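Handing you this structure, nothing more for now.
The chains carry the letters A, B, C, D and E, assigned in the order they are written, with residues numbered from 1 in each.
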Amino acid sequence: MSTASRVARRVEEVPFLDKSDVSLLFVLPGLFVFSAFMLFPVLYLLGISFTNAAPANLFAGEGALSVLTFGEAAFVGLENYARVLFGGTFDLVLFGETLLTLPINGQFWNSFGVTWLFVATSVTLKITLSLAIALVVTGERVRGKRFMRSFIILPMGLPAIFTITVWRGIFSSAEFGLANQVLAMLGLETVSWLSNRWMAFVAYNVTEAWLAYPFMVIITVSALQDVPDELHEAAMVDGAGYVARFFHVTLPSIKKPVLFASILTAAASFQQFLIPFVFNEGGPARQNELIVVYGYREALSFSQYGRGAAISLIAVVFIGAFMWLNVKRGRLADGVNEA
Amino acid sequence: MATVTLDNLRKEFDNGRIVAVDGVSLDVEDGEFVTVVGPSGCGKSTTLRMLAGLESPTSGTIEIDGEDVTDVHARRRDVAMVFQNYALYPHKTVRQNMAFGLRMSTDLSKAEREERVRETAEMMDIEELLNDRPNELSGGQKQRVALGRAIVREPNVFLFDEPLSNLDAKLRTTMRTEIQRLQNELDITAIYVTHDQEEAMTMGDRIAILNDGVLQQTGAPTEVYRNPRNEFVGGFVGSPSMNFVDVAVEGDGGRVALTNDDGFAYELTGEAARAASGTGVTEARLGVLPENVTVAEDEDGLRATVEVVEPVGSDNYLHLDLGPDFIARVDSHVEPSNGDTIRVTFDQRDVTLFDAESGESLLWEEPTERKKAAA
Amino acid sequence: MATVTLDNLRKEFDNGRIVAVDGVSLDVEDGEFVTVVGPSGCGKSTTLRMLAGLESPTSGTIEIDGEDVTDVHARRRDVAMVFQNYALYPHKTVRQNMAFGLRMSTDLSKAEREERVRETAEMMDIEELLNDRPNELSGGQKQRVALGRAIVREPNVFLFDEPLSNLDAKLRTTMRTEIQRLQNELDITAIYVTHDQEEAMTMGDRIAILNDGVLQQTGAPTEVYRNPRNEFVGGFVGSPSMNFVDVAVEGDGGRVALTNDDGFAYELTGEAARAASGTGVTEARLGVLPENVTVAEDEDGLRATVEVVEPVGSDNYLHLDLGPDFIARVDSHVEPSNGDTIRVTFDQRDVTLFDAESGESLLWEEPTERKKAAA
Amino acid sequence: VGVQSQGDQTAQSGGESSTAGGSGESAGTAKAWYALPDTELPARKSAIKQFNQNSAHTVEGADISDMQKKTTSAIPAGQGPQTFEWAHDLAGDYMERGFIVDQGDKLNVSLDEFTDAAAEAAQYDGNVVGLPHTAETVALLYNKELVDEAPQTVADMKAVMEEHHDPSNNKYGLGMPFADPYFLSAWAHAFGGYYFDHTKEEQLGVAKPETVKGVQFAVDNFVPYMPNDPTYEPQASAFAEGNAAFAINGPWYLSTLNEKGVDYGIAKLPKPEGGDPSPFTGITLWYFSKKMGEGGPSAAAARAFAEWYVTNEELLLKNAEETGNIPVLKSLAESGDLPENVQGFAEAVQQGYPMPAHPKMNKVWDPVKAALTKGFNGKDVPKAMETAAEEIRGNWE
Amino acid sequence: MSLFDGVGRKVKEDARDVVSAPLEVARDAAYTVEGVRNGEISPAEPLKTAGATLGALVGVLLLLFPIYWILIAALSGTGGSIYSSSGLKLFPESPSLVPFLWVVGDLIIPAYSISLNIPSSDIAIVFNTPQVVFLDVSALKPGTIGRIAFGSAELFPGFGVQPIENPSTFKKFFWNSLTVAIPTVIISLCLVVPAAYALSRREFIFRRKILFVYVLMTQVGSGLGIALLIGLYTVYVQFGINDNKLALAVYYAATAVPFNTWLLKTYMDGIPVSYEEAAVVDGAPPWRVVTEVIIPLSAAGLATVFIFTFLTGWTEFVVAQTLLGTENYTLPVGLFSLISEYSIPWARFSAFALTFAAPIMLVYLFAQRYIEGGLSFSGMEG
């Protein structure tokens, strides 16, 4: 101990350690490791996206240096991007009639549109669901809340791919699929879930909501617990009922954390891969191909790494812009120090 | 405005493990300002919250204006409450904060609400703040807004839960006067909880002292101060509070000697002596207020050594060795040095005697005015 | 123990946009207890934190025991600090809390540390709490532990930043006495920051009054109270503080008439009149302490209407209409009713006059004792 | 201080002793990958153990969870195994990508020892890319409690299905993974159609009238009697739980059936009127992966293992009994004394049509699957097949 | 160390709470009944409470129905399936623990011989530890587990069990997962804690920029996982570090950096500066301030980061499956290796998944108050 502390004290004496910018040193390791695993692959991906990389040529060549030369893949300039964005045609169909044929890649733009739609619907669903659950498991009159809360996060402990496989079973179109059985019990028609575009879309949303709610609930619950009781009491004395209190006290007080969680979860929705892939590979007939699935399929199923990379990067640019906007607007990077 | 009656109110927490309030009965008259005081955890807040409807009593009843409201929900009681930390809605402007109660509990139109808020803001001198948010306000301003929010609703009863305890001393004095002014002006029925007995003493028409959930004494502040019903009240009220000396009681009806091993000796005569000896108590505690202890010029009186002389502006506090924390409050020109031996005395009329065991006053009688009022 | 010297200390924040402390110079003698008082935001904490080494001054120097420590790191200054919120480490027991400083700043063995902690705990009467954690303690106990933690290190200088402001009134008084007792016992050099001028008045050997980062006056408490150097000090010190009346100054060397439009009229004569007229000021503010205002039995003196009578135990405060918040502190047997017209008077020796513009006292002279001490 | 697990001792010493008695070649270690249901894993492990004990070489087996993905990423990176087990249809694609290599000149086993179909499947473009050991295909399974005798024609079968189909009481006529082109191939081929055949002039047969007719036939005759979900699991579940009269499925299904305790019979597929069902057959190979191209002891080890495995009659027969796999070793396949389970599938294999191994086939599956799904959901079959064909052509470009 | 001390104490308290919860409920009920009987509590009160609790319970059950669905499959004696073509069944048919036993496998501590060689002599002391058998699944007999009978009345026949010959390799996967998840946690804590501290307490160049990038990358980064797979895989392979658990852990830790740094920073923002100042005035050098004050006070935040990073390593599938070889399969990959091309052995698959998720729930039950407190948004107000 004494030697150690003597050494430590010696270190303390080094004058520059008192300089405030030296604190950057604390942040650098994390930043470095993160960059190494995120930024380098991103740059690599960027490189690939300008080539005709495919499994056959990408891995050719010997030694670590060939990583940097992308094997024997050839430089093709912006061709991948051009193809992704403008290859093929897109028919604008309304009421069964083709109104307009645009010279753009219909598959990509369809996928792009569906992805944003999915973000919008699934985030709405997630927020509503989690808020409802959080309110229930923090309810004043509810007993055994702690146990309920720890059961409720179970979906978080299961690997997503397992959960999604199970949900695919639930949304089986068969008469005995769980969802259909429930419908039948309610006296409703059964539904061909995954072979109908919008029904499949609904199934994606439900599953996504189920996967994401534990995280949202945890955040919402802790936000709810930070709402001062006095505010509720003041409102009660002011004559506000439950609903009024929810809108005038609860909601404004938890707005910020919930907004934060929503932004995170929106980004997660944007990048959802497993649900469409496992359910019906973005089907039926590639109609619900979310953008990451689209990129994946191009990259792996069709062995077009270059094009896949271009798609991924386009997706990343969009989600990055989305996050940037939200983070800026929600001032999430601000801390108390800047307040 | 309204009267408030608490009848045998009791509140248990934790399935009866904690008795926070134990059989409190209190009548508050129309327009009366009652302060409730007591040490931390004595059940003041709980009592107030039951009144507001934020807790429901385990037993007992609450009446407001003669109507039993024990089971009425908080939002239908028409009371206003000012919280210790103000509990202003942080995301609403001052105007919205003040209008919220009106929106919720009245049918006033938007214009009427605006009007009421404006009037009240004028009265509270917070007009320029109406568009600010609470976190832009200073402590005193927040306090004013909280008061304004309560006043604007023109409720039957005002409840205050230590509204000044977050303010600094200077501001506390100012706001205290402000609340008193409002109370005079609006003639409101108010119950004001505080742990600061100075506040309780100066603000209340009447003061109620709680300890361990039990109501100890109610009465006009000066009366409670001069004539405490038990040792707890004596020790709690006033700053500095009553001095106590443990004494043995000896003697018959006419003359009672109060002595202890530290050389303390005092003699009661007449009425007081009869009362004291009549109870048969032999171990007692003598109480005397600091301002009633005078320094004797001559050789009469008790010898006491001055431990510390504490100047407090107009007076000096002399800490004497007669008992623990025995203080004499004397004029500021009386300035003995630390360690001096002086002689002090006090009048027999100013002496209170408490049963050493139960703490009850041996000499206490119900003041006649209160007797009438309580009837 | 040690002396402390602040020389022309200045602290800017926000790149000079905020000047928190502005040229403060102060000598604290060995064993002296100096209280620093001033309104919120006046720079008290900043001064103290510079002393502790937690902020570094923009300019000026700090000496402890004659040694310039301006650039010495906080942990090498050998000062102890008691924080407003106690800052007891919540995850350590009381024992560990107290031993932490010893572990960090001394080479004592574990046994020696234990011994020191035990001794100090004994002195502070917190022996039974040694194994508890801070959140199991009451406010007063926390306060004691925080004091103990400071004392156990036997530092050169003690710094206190509003250590009592989180306690309730009763406890505040007790702890105040306790700190004074310790100070007497250990004869420590201490600088004690508070915004409560009552605390400042009763505890300090000397009191330093800050406003807007500028040192206004230092001196013995009673002296500052009786002889404020400027209007700010007069209005700040004492509770209730000095009464002010705006007056026009008229007259020559021998006789000066102080009047205003509200019918106030007072005459200065002799030395004071000469001093007052000598400055040539025509708009002034008259200051008089509440306890120096007496109710005249006869028809002499100023007519005043009683607005409120506020009983405070031994005395009554009479709120008069002579000026805003004009208070007379009178014996409690003087009990006029609200609205009564009475006559009050005060001695010319008790009158202070301030320049209405600069606020400086027109009659002030440096007290002779302090002059010597400062030299 | 030393700590040693007592149980391990014997295993270790046993492992080492076997190296002593080897042939002239230097002993190598090879990695072998396979993807098996865990019911079949123990048998595989003991087979490898047996090999390791009897050979100078060592084979390290590994059960891989997603073979295609793993091989695609690992082999080009030089991380792959020496040999891996998969159906023959990967051959073209993997050969072109350079994932597998020709080892024909180094083998000690002649392809003549296998059935013709198997021998053909083991080669691609004249290269011997692996050694075959089993064949698999789909056959008709019937629930013996509901059906007395296997129907010979689709019309017969339809009558039985009609009788048993009652979804409101959870009874179904048939369980068949309809949306899977592999399972549906028997019908697509029944009237002379084909999905893809690179030997034909018109390589893509998806939209040809014969193919469309076959698919349409399946839609008309089977879909009405099936659970409403065309994917594998629910279809399999219906028969396995005894709720369907028939199933069309492969040998891998038998372990599930045994576990559930269904009393089933296996027969070849019934004939449609005017056609002959002809299912795709898959031949499982031990592929020679890129690593073997490097030669050396590890390649020798892998080769030795594959040769040993595919010619080991005892092992193959046991496999056949336990898992319903059809041996392709002529000596067994033509011996006629295969177990009863296998017999049904073996007959079906005779009806069969080996899956194309051409790389272009890769891009056929998904669009056809989409088309079949549409057909199952009542969409226009010819149109769906036409769309699929277009998409395939687009992807081929 | 006092941090572990504190956590230990809290866990002990929690355990006591959990155990005494039923007692407390009973007490509560008795008190309420007594109150109602005395007319002190209006009967509507307990009814409202019961109603609310019941409602919440129904909600929770509905929400967790898929899990129950899995559980039914896992308890099935006939292989199970989540596709029940025989209609909706709320209870497993012929319930069996076999799938779970198959997952858990033998719990046997093998006998070891420990030899102590005495230096410079030939004498060695050998201890033979006994073999400890908790569960030997190959020696199970039917009717031994879960049978309930009163005298002759057979209430529950017990779970069907047979000897299990080839139990799963759950334990190996478990070990692999642990050896991935724990390094993940350690590495990310090493990266996150100093950074969070510096970002929360120090002022330095680029501070706000870094913070901004971190918040931004919180999600972009994690979702990029799949898009980046190719790049990542290539790089790993070229450096020959795929199929390396530690390398995988480093990757997980890297992805966890932005979110967790930000999270911990927000938490640390809520710790009053005066604790640190007190320590400084007490003479503590900066590193002691951090170890003695900041870290123990951040316990809740650290617990949250711990759980989140642990979960990353514990449940991530796609990258692990791509990078790891069979020997190093983690639990999710192991779980998926149960699936073969055409069939899913639902009973075992589900039992495996549930066994795998159960510890998370338990940990959460105990860590709950830390996590809920650890997600402090005090830094987010305004």
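In the analysis below, contacts are C-beta pairs under 8 Å (C-beta built on N, C-alpha and C of every residue); 3 or more make two chains touch, one makes a residue touch a chain.
For reference, the UniProt names are A = Carbohydrate ABC transporter permease; B, C = ABC-type D-xylose/L-arabinose transporter; E = Sugar ABC transporter permease.
Everything numeric here is computed off the predicted structure, so don't read it as measured data.
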Minimal step count in the chain contact network, chain C to chain D: 2
Contacts common to chain C and chain E (chain labels): B
Between the pairs B-E and A-B, the one where more C-beta pairs touch: A-B
Chain whose Cα centroid lies nearest the overall Cα centroid: E
Computed distance of Cα centres, chain E from chain D, in Å: 39
Where chain A and chain D are represented by their mean Cα positions, the distance between them in whole Å: 37
Whole-Å gap separating chain A and chain C, where each centre is the average of the chain's CA atoms: 59
Chain centre separation in whole Å, for chain E relative to chain A (CA means): 22
Interface hub residues of chain C, defined as touching at least two other chains: none
Residue numbers of chain A (touch at least two other chains): 58-59, 169, 172, 174, 176-177
Set of chain D residues in contact with two or more other chains: 69, 77-78, 170, 227, 233-234, 237-238
All pairs of touching chains, each written as two labels joined by a dash: A-B, A-D, A-E, B-C, B-E, C-E, D-E
Interface residues, chain E side, partner chain D - complex: 78-79, 81, 83-87, 110-117, 128, 165-166, 168, 233-234, 237-238, 242-243, 321-322, 325-327, 329, 333, 336-345, 348
Complex contact set, residues of chain E against chain C: 2-3, 6, 272, 274-275, 277-285, 288, 292-293, 296-297, 299
Residues of chain A touching chain D in the complex: 55-56, 58-59, 169, 172-177, 180, 190, 192, 194-196, 281, 283-286, 300-303
Sites on chain D touched by chain A in the complex: 69, 72, 76-78, 96-98, 167, 170, 227-231, 233-234, 237-238, 363, 366, 370, 373-374, 376-377, 387, 395
Chain B to chain E touching residues, read off their complex: 15-16, 56, 58-59, 71, 135
